[in-house]
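Same chain, two partners: chain A is paired with chain B first, then with chain C.
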Partner chain A sequence: MTTAKDKYQKVAYYPGCALEGTAHAYNRSTQQVGKALGLDLVEVKNWNCCGAMEVKNIDPKLQTYLSSRVMAIAASEMKMDVVMAPCNGCYHNLKKAEYDLAHDPASVEVVDRLSQKAGHATYQAGQVETIHALDWIMHGIGEAGLKQRLKGSLQGLKVANYYGCMYTRPRHIFPEKDKGPGTESTSKPHFMDDLLGAAGAVNVEFPLKTACCGGAHTLSDSDTSTKLVLNILRTAEAAGAEVIATECPTCHSGLEMHQVRAEKKFNQPTKVKILYFTQLLGLALGLSPRQVGVHENISDSLGFLREKGIA
Partner chain B sequence: MPIHEQSLIRPEDLTTHEQLVIDGVDVSGHWSTFITSRAVTDYNEAMQDEVAALPGGEHIHRCWQCGSCTNSCTVNALNPEFNPRHWIYLVRIGMESEILRDKDIIWQCVSCNKCTYACPRDVVPEGVMKALSHWLELKGHVKPSPSMVFDEVFSEQVFRRGKIEEGRVMQRFFRRTGQSLNQPWLIEMMRRMLRHLPLGMLTKLGLATLVAPSTSGWSGARAAIEEYVHEQEHKRRRALGLDALIEAAKRDAGPATAGEGARS
Partner chain C sequence: MKSLAEIERRLDALEAAASGSGTVAAAELVELGEAVLEHWVSAKGLAPTQETREGFRLLALHRQGCTDDPSFNACRETCRELAYHHNLVTSDPQHPATPQRLLMMAMVARHLFLFVTGKMQVAALGDFCCASRPIRQQAEPQEID
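And now, the complex of A and B:
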């Protein structure tokens, strides 16, 4: 029987639009961490946008089609069994499409019609398994495996792990979660805590792990987003965190952007640093700050990481 | 946990008489507080069906008003007037005039899905909020919200090229909503973003804003999507009876336009 460990050694990689732009550091650090851990990533050929948080508001079935095309290419053209998406939005939309195509005949009909007109294979539910970068490392390597490969340590760095909305909600599109020990929880997710803890970080008690940063309206309702982000930043600081670890490009850039906006527009400065969890893991695996793209972050953490002896 | 209530009795509907004697009993002041009687005659009995015909609104009929949506709502925590449970109730009983009181905030749902996670009846309140925002726009009660403009700018690029480039989406959104890019916090953010970037990466970012990234072999998908969008728009217009509304408006405006023409 193939275990998750075997299955995740070589997976189709779906970076998504943000990781080619503002979240380049997440792309870079994910690939570098994969390399350091001996996990293979094969980028999905000619991938397209999954629909993000916008296309569903024009028409939800179009979002299902867009996400299904990515999975169809991975399954039919690349013969891959697993698609890994580091972006919460991409991950969420692929899981949502998977759920809808398994349960809703109307979605199946639209996706089939559009796929045929577009001239590619129709994605059939169950052809691939979609996973997040956290699942990939958690199940492909595990905490013990990670510990064996460490070249450094996060040296007791105090981290608040921020998972955001799309990784756990709504519950029904993540049938593999909430299945007891070893599985992820939708109410109290812990994979990021587990991995960073194994790398030497101290996870602070952070009550807003799955709070919303207002990412969907980060530009269209900026004041609301600034209020939501400021609450997250302040709560992390009050919990004693030096760093907020992120796993989503929308959350990450939302936190960074509204940290600046809160400071400049509302005179509400906060000090907590914001880093992708893959950047922190990379540093513990002995990669340089440049290799994991620390210089690409808006939140300037290089000096701080050097001071702590982590970079 | 409490069901988030919304009182339908508003201060403007209360009347107190300073001097009032009824049947020889003096009930002046506080003792004579009355709620102005109101007979509602303007129900829109089609409202639930109209919202249910828009994407996201399909399951509104399942709601049994438990209040879990409002109780878990991210936006409600910032603004108590933002009350999904109450709006679902109003749509279901067809009180269009009451919904219109909140027409300018309904679009502010941030799609965090806490309501959908909490809902015991699978109403998908997040979807209902989006359907209701669409309904308000389609019926002409509100102008397209900033969120809708963003969704359109974003989706246009996806449909055309298969993927988006964030800088381009941001520029178009700011232009279409008439906002300046010259805001101190934005400039400060760009400064911090570019501070440590190596030249190679700066060039790449610059090029991406000039030559938009696209998915190769996208033309087939683009044609299929455009056809589908057109078909769905037609369906929604019909479900809301928009063409009949426009025809009626034209008929009403008809004689006036003709009159103006005669004068000139």
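And now, the complex of A and C:
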């Protein structure tokens, strides 16, 4: 029988557009962590936009098609069983497409028609399993496996783990979650806590793990986004965190940009650092700050990481 | 109904204090959360429910606020964290962590306030992310997830 550990050793990698732009540090650190852990990532050939937020809100069936094309390439052309998407938006959209294609005949019809027109195989629900980078490391390596591979430690670094909204919502598109021990929780997600804890971090009690950061409204309603982010930053600090660990490029960019804006516009400075969980894991695995793209973040965490003896 | 300005003033005060009688402060923070949700429900033209869910009117009001508006579900865990912290504080008010729990509770209540007031200004807050609603689609009742 194939276990998740075997299944996740080699997966199709769908970085998505954010990881080629603002979240390049997440892309770089995810790939480097994969190498350090001995996990293979094979990038999806000729991948396209998942339909993100814009297409989804204009024509949800077109979004279903766009996401299905990524899965179709992985399944039919690359013969892969698993697609790993580190971006919460991509992960959410592929899961949503999977759900729609398993439950909505109208979506199946549209996807089939557009796939034929585009000249590729139509994706059939269940052909691949879509996972997040957290699932990939948690199930492909696990906490014990991670501990065995550590070359450094996060040395008691106090971390607030921020998962954002799209990793767990809506619950019905994540049927594998909330299945008891060993599975992820939609109300209190913990995979990031578990992995960073295994790498030596101290996870603080952070009650806004999945709270809205106003992400998509960062340009249209900046003040609301800034206030929501500021409250997340202040709460993390009040919880004792030195770092907020992220696993979503939209959240990460929002936290970094609005941290600057909150200080400039509302005179509310905060000191908490914001790093991708893959950057923190990479450092604990002995990778250099440059290898995990610390220089690509908006805020400068290098001095802090050196001071803590982590970099 | 408490005005939004009044709610914000009390949140400021409770966050600054985060001490005193844990039980009283925890109850007030839940009430402030309810008052925030009453504004949202009233703005939708509904009478705020007096029912409770899992022992909390706050959770019943959240559920009512989600009717026809799945993106309002983006504050589900925020409401549940308020209820959770209320239970933590009231089950052992003398616990040494009570001031910290009250502080966290006040900040969670503030997040609910910011999300709801933000959504009252721009109804689409949350629509683009975890609970998208196609912009060409007529509003239709949807299952709360």
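Throughout what follows, the second predicted complex is superposed on the first by the 311 of 311 C-alpha atoms of A that agree within 3 Å, B and C clash if a C-alpha of one lies under 4 Å from a C-alpha of the other, contacts with A are read in each partner's own complex, and residues count from 1 in each chain.
Convention: contacts are C-beta pairs under 8 Å (C-beta built on N, C-alpha and C of every residue); 3 or more make two chains touch, one makes a residue touch a chain.
Quick caveat: nothing in here was measured; it's all calculated off a predicted structure.
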Fit or clash between chain C and chain B when superposed on chain A: clash
Greater residue coverage of chain A in the superposed arrangement, chain B or chain C: B
Partner chain in contact with A:His24 - chain B first, chain C second, else both or neither: first
Touching partner for A:Leu208 - first (chain B), second (chain C), both, neither: second
Partner chain in contact with A:Gln155 - chain B first, chain C second, else both or neither: neither
Touching partner for A:Arg261 - first (chain B), second (chain C), both, neither: first
First (chain B), second (chain C), both or neither touched by A:Ile298: first
Chain B versus chain C as contact partner of A:Ala239, first or second or both or neither: second
Partner chain in contact with A:Trp47 - chain B first, chain C second, else both or neither: first
First, second, both or neither for A:Ile58, with chain B first and chain C second: both
Region of chain B that runs into chain C when the structures are aligned on their shared chain, from 24-32, 60-68 or 222-230: 60-68
Shared chain A contacts, counted only where both chain B and chain C touch the same residue: 53, 56-60, 165-166, 169-171, 211-212, 214-217, 220-221, 224, 227-228
Contact set on chain C toward chain A in their complex: 70, 73-75, 77-78, 80-81, 84-85, 103-105, 107-108, 110-111, 114-115, 118, 121-122, 124-136, 145
Contacting residues of chain B [partner chain A, same complex]: 55-56, 74-75, 78, 108, 110-114, 116-117, 127, 130, 134, 145-152, 154-155, 158, 162-167, 170, 173-174, 177, 184-185, 188-189, 192-193, 195-198, 201, 205, 208, 213, 215-218, 220-221, 223-225, 227-229, 232
Residues on chain A engaged by chain B in the complex (per definition of touch): 17-18, 20-22, 24, 46-49, 51-62, 65-66, 69, 110, 113-114, 117-120, 165-166, 168-171, 186, 211-212, 214-217, 219-221, 224-225, 227-228, 256-257, 260-261, 263-265, 295-296, 298-300, 302
Interface residues, chain A side, partner chain C - complex: 53, 56-60, 89, 92, 165-166, 169-172, 187, 205, 207-212, 214-217, 220-221, 224, 227-228, 231-232, 234-235, 238-239, 250
